[in-house]
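Below: one structure in structure tokens.
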């Protein structure tokens, strides 16, 4: 079965990561996964939120879509005076995923905020935000080390995310928007470089799915994340 | 290994469901899972949101914590002028889960809103909201049938949710708050009565986890959901 | 003239107070006045707002209706991004009433917030919030004494509230919703255990009313409050 | 006992009403009660809110303080993104009071909004808003009659408001701010020209008060309202 | 060509400034330019915002229209939960203009907020806010000097604002609302008493305009501001 | 005198316009003026706001900074629940400027919204938004013509914007951020291709400025806009 864009069922879309896309952020990149484009920017601030223990750091994320990232223009959050619930859900996922990549004691008493702004959305924006956000985060940490602010890279290992789904009863890796719209099942999986799961969110959008189907989808994601982390490693070199 | 409250590792907390806890809602119940208490109320309105196809129905959910549901008082959302991002995440999960239980064509052009208000929170409020919300939803549908508004029960089958986690390297079913706070891994699983997955959210809070560990946790949830649905069936009888 | 529910014109609805309905609050109760059910929770915090003199305490209240407390579902305040003006009016009344019950110097530099959340509304929710809120407040104070945080009960005396109105030219005590909707005149009266007035709000909804009519209504409320305070005394014992 | 400004205990402050203070409103006045100055403007709109029966009209009020109406500058509501709860309480009172003055069938299917903006506040702003708001409302109605939009004046009679209180154990009429700050008891009373009560709000701010004390305060307000309505009649002539 | 109100093309509307219109503000005036009426109030607070250097002061402005200042009633900002973008634009202009009048070192570590509330709007409200706001500001500064809080008047010179425009191809000074609605070009100009420009905002509303036309409009504004500052000087005397 | 980046006093920064930077918008470009980068996207919607006459169109603009566009991260508008007043001011300017470029009758009953999102800010973001926004707008119009939706290009001519200022008593064209921070005078000028002014905003930030100085700055802007429109013409070809 051929996919819309000619990919095989277990094939990622082409990925392009342009580091330092904006120059003021301590770390940044533009990540492109097919037609999905997310600008990720990591900002370091020398303070921590109240719930964080003294001496340790914090990592958080914010996610937003530009109004015309999609096929139809959407209103800005500020015009509606509320964060879109979908954005709220996604930025919590991205934040948890990136926190898992960081040793908070090595980071020390500072906060890194990773802003993920979707310039163009064609499916998979939440996982692209994790994959690209990790690059921005690692670049910011590297800058802290190079400046001598912290002694050692606080990154524990690579972290990336990818989706898989069941479309027309066929499991597929890395759904684009047109596939995602028709998917019966949609699963997002964030993994580390040991192939372990950091976050997994599966949704039976069109129908419930079996434990076996889930196993297949997680395997697809394992393959996809391995490939994404290879690209991350090429971009960043050794951590 | 004994748990805090003496349960075995694969044992649910005691569950109590009081139907018709409030009398104006078309369907309602108070669900108690251990010390977690959620008031679930299903309201029927004869209109559908713009994105829903003519002739079909819609199910949505709202989730909120009363200010003193927890160990510390929290500010009301309205005082902060925003829905808590955590609540936004949860109510999207509950909404998707309950929609999976309903045949929207049988429901017809009407919306059922299921309000899940946590009176007391001791872990597992989101899954209790699904399990109790299903009861409220089914009671409201039954009322529509009994009134003759719709011809046939639009409920496809039972839907419930439960959590499992890894605490001190021990997988456990249905974490209470004290366990949840110490869990390395936390997984919430919504299932139908065929044991299929509707929603699955796993989070490596303290560490990443393996695909094998995930399998174990899903199995625990399968057992838990089977037991919860037995209780739902006792409460509701045949759908 | 018989009332809708068979009561006499000067008779209260049946009152039931379940203390410690939720376990984390320092004091709590579920108060049921007929079909009106309000969950009252008192939370102690070791800080005072800026306008309160050093060394003295503060008591405040918040009031809200759950979305399906009434015949029709109402939107949550947070969805409208504003506190309902009616709730604002009521919670100011409840706060002033409960403050009148407390010796702020004995309470010392801490704030007690009494949350009154209406689970089911059938008329008289604001006065039920005062009557039940007083119980929650007193239980929280008792806990502070028992813990040794404060030396002496800071409660000056019992405080309760009840409504009276004129329906079909007949004065009546403790209106339920159906009566309230048809009332020409509606009066809410908060009193202490000396029969003195703490708050009195009379509204000529259908027509203006005479000073004599008002006297009659206040007398009815005096009787009602005396009976309510008898119930409060049974629940709490000596203050 | 002499009052701060030399008045007798049962004497109103001097009242000045300048009609048509702003020219675009269908009716307007600046009312000055001592140093309290409220600009009242009545606007007619040819539509009614959803809850109003077809063929009948509606009257509503909004109340606000300019930021420097008082001794200290206060933030604007919009800067805090919420209507002050005090303003919410007051504008509900003003709206109910003015609605009592109008025959909604004679008014016909239109809404009159009375904006009461306090330019300078020195106590008694809510009752001045009622007294001045009535003038603006009546002028707007007169304009509707003069234009031929409605056949007959829809005003049922004069409506005014005044406060009374107990300061240093002395009942007093029409408290200014300095008196109000020291009042043990504060009562606001809105009356029609038959001396009947439309709204009555009594608050035991410093202590509870007896039914006898309340009677005295209502009598004071009766006297005050009679005098205020005499001034209204001079301003408006026959209704 | 005669103007609507009989003025010549280069003639100001009549200007009336009533100082101390409200008594609590450190400085205040009601400024009337034709039918435009703005209440300006300057409030002194002994604190500065974070971005202001220690030892120096700050001046800021807020601008708002009362709901019925205009031909049609407009909703209050707080009802829409946002500052009107037009008000935001104007209050930034007024703030910058008034800051230009003040020596921040002489003012010392305090903030003066100038509230400009439009009671009645008939064109030119933003420039009237500057002209009247300057009076309120200067009066507040004078009070600070008279009280001995600061040693020397921190006002550098007179500041006023006026508009000019092109209506029916005719340049005109000080447009009223009816002229402004038909203007092709509209220019607002804030000047000091050396005839220098502090703020200039020109807008080609109906068509673009030439550099020569702009010169003509600025000359008109120079004349207008000279006359306005003569009035300011009469009101204030020597600064 | 040499400028920070080696430019001459009357020289623009290098300008780069990448059209169709995002693919779903009817027209889009990324405009880079030195280090300032703005993503401009024009969206066509087949409806008009209520105040627009039937049969004619409307053009509006929104402006926002990404959180890390600048040297320091700023909070998102939605986190503060309000549009930044600076953004409100700018988007009104951009909207007015772009409307001046369009024949609303040729556009017909539709709205074009031009979103200007600053990815990186280094001074001159509001004028870059106009210059780039014009490109996005023209591309969207061209698409409407090519699709046959409208018969004829509704663009009247080129529109661009540039700033000039006085730094160290030296007039300069197209200030970058470091220059802008030290500018005594700052002037933004939007012009059409006849060299006529559409919008002109001059601010004496550090000191007032003379009418002669203003003439010099407008001449600088005339030169700059001529060069910018040459670039626009190269990008778009004949309109």
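A few points about this structure:
By written order: A, B, C, D, E and F. Residues from 1 in each chain.
Operating definition for what follows: contacts are C-beta pairs under 8 Å (C-beta built on N, C-alpha and C of every residue); 3 or more make two chains touch, one makes a residue touch a chain.
Given the structure is predicted, the values throughout are model-derived calculations rather than measurements.
Steps from chain A to chain E, taking the shortest chain of touch contacts, total 2.
Least-squares overlay of CA atoms from chain B onto chain F yields a rotation of 120° to the nearest 5. Interface of chain C with chain D: the two copies contact each other largely through the same residue positions, with over half of all numbers used appearing on both sides.
Inter-chain spacing, taken between the CA centroids of chain A and chain C, is 50 Å.
With centres taken as mean Cα positions, chain E sits 33 Å from chain D. Mean C-alpha position of chain C lies 59 Å from that of chain F.
Of all residues in chain F, those touching 2 or more other chains are 81-83, listed in ascending order.
The touch graph of these protein chains is a ring, one cycle where each chain has exactly two neighbours. Against chain F, in their complex, chain E makes its touches with residues 81-83, 85-86, 88-89, 91-92, 96, 100, 191-192, 194-205, 208-211, 214-215, 218, 222. In the complex of the two chains, the chain A residues touching chain F come out as 21-25, 28, 35, 37, 39, 41, 43, 45, 62, 64, 66-71, 73, 76-79, 81-83, 113, 115, 117, 119-120.
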